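Take a look at the structures listed below.
Look for subunit A in each of the two complexes below; its partner is subunit B in the first and subunit C in the second.
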Partner chain A sequence: MGEAENGGRDTDSVGLVTPRRIRIERPLTLDCGRSLPQHELIVETYGTLNAARSNAVLVCHALSGDHHAAGYNSEHDRKPGWWDSCIGPGKPIDTRRFYVVSLNNLGGCKGSTGPNTVNPATGKPYGPDFPLLTVRDWVRSQAMLADALGIDCWAAVIGGSLGGMQVMQWAIDLPERLRHALIIASAPKLSAQNIAFNEIARQAILSDPNFHGGRFYDHDVLPKHGLKLARMLGHITYLSDEAMRAKFGRMQRVNQFSFNFDVEFEVESYLRYQGQSFVDRFDANTYLLMTKALDYFDPAREFGDKLSDAFARASARFLVVAFTSDWRFSPQRSREIVQALIRAGRDVSYALIESNLGHDDFLMPIPQYHKVLRNYLDRVAREAGA
Partner chain B sequence: MINLRPDLALICDWIRPGSRILDLGCGDGSLLAYLAANHQVTGYGLEIDPDKVARCVEAGVNVIQADVDEGLRDFDSGSFDYVVMTQALQALQRPDEAIAEILRVGRVGIVTFPNFGHWRVRLALATGRMPVTPTLPDQWYDSPNIHLCTVDDFESLCSERHWRVLARRLLDRSHREGLRNRMGPNLFSEVALYMLQAPEAH
Partner chain C sequence: MGEAENGGRDTDSVGLVTPRRIRIERPLTLDCGRSLPQHELIVETYGTLNAARSNAVLVCHALSGDHHAAGYNSEHDRKPGWWDSCIGPGKPIDTRRFYVVSLNNLGGCKGSTGPNTVNPATGKPYGPDFPLLTVRDWVRSQAMLADALGIDCWAAVIGGSLGGMQVMQWAIDLPERLRHALIIASAPKLSAQNIAFNEIARQAILSDPNFHGGRFYDHDVLPKHGLKLARMLGHITYLSDEAMRAKFGRMQRVNQFSFNFDVEFEVESYLRYQGQSFVDRFDANTYLLMTKALDYFDPAREFGDKLSDAFARASARFLVVAFTSDWRFSPQRSREIVQALIRAGRDVSYALIESNLGHDDFLMPIPQYHKVLRNYLDRVAREAGA
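== the complex of A and B ==
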């Protein structure tokens, strides 16, 4: 299973998809020094791998993403996968030409081995015993997945935000295993401000009385309050000031002040809703792990803080995309990536997309954004003979 | 040379095969695509217009979406063999600063511009009107050109800043170097091509 069938909803949808589980039996040594003797990854694939195995594209997800990038898992789903606007027949990542692989990363909470899955050594969920991971660990795990799927070389590895960091790490660590690297709304490392936001999110979770040092599964409770706060904070950084103003302004639910702490302004209602709906679908330990992976990401570190020396090992061609209204990973951060790639003499194009929403714009079907992706990926497909 | 603009074709003659170039205001990337295909030249284009950026991506040309006025500061000194800017100088905020930046980033700079000393321009001004000519087709109110100069103005700027003129071509609008252009370049040439170098460069 795992192949997409058109459920007949839209002609440009991959239709109904069934995730599949892939078991990696080889040990994975992690940056923290520990190792996992085996692990499982949950994966969706769209499109067909060609005979030359040259048309495979890996999609890397961001902080709260997962394997369900496109299509629907059941007839009753209200919403399609998180990047459905971009993946499908005739869409920029065209499933008539590419074989698209999307996974839930190791340490995730949507079925891949992670804090909320059972530790075979104890028979209980890993919880805080699950090792903290780095972007590099993810790339190692994804390379094992590629082996399992029989893919020697990706036509392209694509990701936005934290996903873009995985793309950079792929290009540096396994240059012979990808031909194109598409880095969207990302940064070469977090700024102190970025880490500061992550730290507040972590403190919100860690200080929730229901967190129980990460062993909340044993107590049959969830640290909902802390996770909700973390998500509310995150959401502020995903939106631009302008977008919040346009969407909510100072709109109130009733036209007078109530002089209490109930929801009064629409933006409060929005954040509470976003926070609340997140706790029902996400794991607090995974959230902690993801924010640490973001904080640790710094591929230049082992190259004397010279990103261009890190990219000198790469051989892929690069496309870097940034959004004007993104302040979480601003265009300037993408320019740092571009500058290092130019110094390293790599092939790179950089597109700056006029946008309003903020960081979340990388998920939106902005015409110029999709035009650039489409034009770039059209060449990738032709090179791949697809 | 298929579909290559004549001034670009002339620039190609100046560029050594296998070199690394930066093309400022690269448009649809045709110069870079041509040089890559025929002269093993590598490099990047700078372009601000989103449609042209998308066309460069389509053509497989490395394009960096940035404004020439501020985009050059991201590049290291001497990091390119050539920095090329065609028909954009007169649209910049500070053409003199841009050329200084071009000569910092490139070991050699190549710039082209329309000659405002051409007789058609002078004739229009003599009759009291802003010129609208084949090389300067816009009206005064919608022209992108804010810093036009004559060939003599440009020569005097070069000598004032001690920029070395390695080569120059002064052409009519069919991009020929006819007798008239050689006799009275500031009066008869419509397009000027200059190859420059910073005084300290070798």
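== the complex of A and C ==
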């Protein structure tokens, strides 16, 4: 990647991007039984929608992601969007061929309607009055977004982790509205251990005295300790034990033990930093909501626990990608998806990527991984006439 | 196991046991540089010391363990000691042959000198003024206990998890004082991931407003939320993902989602119960101390990171036991111990036990496991003339 023309950024960057606010004026009925009369979604798009409107790709974000997936929001940004390694001119999701749509999900905290936005009924932030959502609710909201953008059918819906769950739900609920489903580092439902991690994260937030039952906005405080603990815990599951060993070893910052609770090992320093920096950029109510959406995801549930029966409704073609070092959503979980798709008679490709980092590898530009995406998406683009 | 004579208890139970308080009047110099002029240890013993004083076995406890390893402290106890499955007449640690000593370690919270006992200098509980300890400090204290009991050389020192670390340190530091070292479900040092879990547990406790810098005793409160989170987190690492699946599945208590933060999955209920019940029986300062002792344990450290050089000082014979489903201290970690012992020219037996539950399996009466212990300890007893 070389430095270049577009504002001193790399030539394979989408460059400067301005998020858009899209207002959905139609009521959205949610799985919890409540409904939102209208809602707003913050969106970034990269590339150009072709005349046939056949080259649109939806990118679904994971737990702490948002709409800013690629490029820069200002000349002063030091870091590009969260999946910039994968989205851009000449990159696997090639913006010279695809019109890429990336949103902050409903219930998020980066501008889309969510717990930290103003409830029109009260003039105050929703806080705990914002409904808990399911992956299916997100798909409904994203379908309204597609309508607003004039996209009848996505060339592909793509997502990693919780994003991959949205891809599965799209394929099951709205089969006619996507041609390809790319499910990366995901699982057909959480394991009891996954739920256990989420539950501890939630208890950390809920028991923080500054949480104030979710109304911390009114008290001008943040439940920093709780959210920090939740994020630290998340990070353990994003990295493999081996990656942690390679990254930190047991190296001490100083050569002697301090015999107090200051940082003594590098991994402590890393976790504290990750936790602290998260507190300043993420909303505790959104974090709770995201973990519950993860826990609730179980598309087989209404099909007598038969995932293949759920996938029998789908008509998209599938790519499923897993990473050898991912213990949060291990390759075994991806194989469950693949096996159910095969039983359902669906067209599915599966790639297991040799990796070291763990769950976070789905964000990394691993050559074999990007080659798989590139090859698959090349076919998608050709089909779309893009 | 049949009901029987000894107070309606099983015939293979050690029956009613009364803990003893042993006062060590000699100063104990600690790795942190401080020293304790005297300290007290709470001890239970099972079986009888033979005339040759050759049949004594020391049982070292793990993070949340204590002196009450076997039998019952009163007729009304509903549960026996934490390793009752293994210690008793006719059990693998056979109290008809061995004199078994089990203590609450220094720094513990079940009666031995520790953060929740009175600091003679102030007349108040030590709290945060109690020194942080190392596994080596515990071995020093346990050696003083052996002196007090008139035991020059243990027939065996036995422990699982953090207890196994004490066994290793005994073998390295005081080779002439034990004939056999039984190291179960342990590791030669923590991995970065292990330390990460401990660090989050500590931060949960330290950031609880009721912790009051460790002086919560003075405020008549407990840092319940923090200690509960720490314990919940520990439980994730004690169970395998598979065991959690088998034990809880994703079974809900009710059939419909509640869309709030009440318990919706069985694993949430389990963790909350485990966390809550721990808060009422364990001290937060001791929990912190135990996790730091785990982090600090690294016997190879002063031997240029060569574990075999550390073990070259040992003269005991070793049994190392690991469990296939243990991901906290995986079999790989036990193999590291075994390989270092072999390089050091030590006599070592290794058993890998097929298991399902995870780290907690070291407390379970798995037939293959108990057979290995029984056969090994039979040899130990015969050598001891017991």
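Keep in mind that, in the parts below, the second predicted complex is superposed on the first by the 378 of 386 C-alpha atoms of A that agree within 3 Å, B and C clash if a C-alpha of one lies under 4 Å from a C-alpha of the other, contacts with A are read in each partner's own complex, and residues count from 1 in each chain.
Here, a contact is a pair of C-beta atoms (placed from the backbone, for glycine too) under 8 Å apart; a residue touches a chain by one contact, two chains touch by 3 or more.
These numbers were taken from a predicted model, which means no experiment stands behind them.
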item: Touched partner set for A:Leu319, first subunit B, second subunit C, both or neither; value: first
item: Partner chain in contact with A:Ile342 - subunit B first, subunit C second, else both or neither; value: first
item: Touched partner set for A:Arg379, first subunit B, second subunit C, both or neither; value: first
item: Contacts of A:Ala351 with subunit B and subunit C, given as first, second, both or neither; value: first
item: First (subunit B), second (subunit C), both or neither touched by A:Ala70; value: neither
item: Which superposed partner A:Leu190 touches (first subunit B, second subunit C, both, neither); value: second
item: Subunit A: partner with more touched residues, subunit B or subunit C; value: C
item: Touching partner for A:Ala181 - first (subunit B), second (subunit C), both, neither; value: neither
item: Touched partner set for A:Ile87, first subunit B, second subunit C, both or neither; value: neither
item: Contact footprint of subunit A on subunit C as seen in their complex; value: 31-33, 131-132, 189-193, 195-197, 199-200, 202-204, 206-207, 209, 225, 228-229, 232-233, 235-236, 239, 241, 244-245, 247-250, 257, 259-261, 264-268, 271-272, 275, 288, 292, 295-296, 298
item: Touching residues (chain side subunit B, partner subunit A) in the complex; value: 20, 42, 44, 50, 53-58, 60-66, 74-76, 79
item: Partner subunit B, residues of subunit A touching it in the complex; value: 319, 335, 338-339, 342-343, 345, 347-352, 354, 368, 371-372, 375-376, 378-379
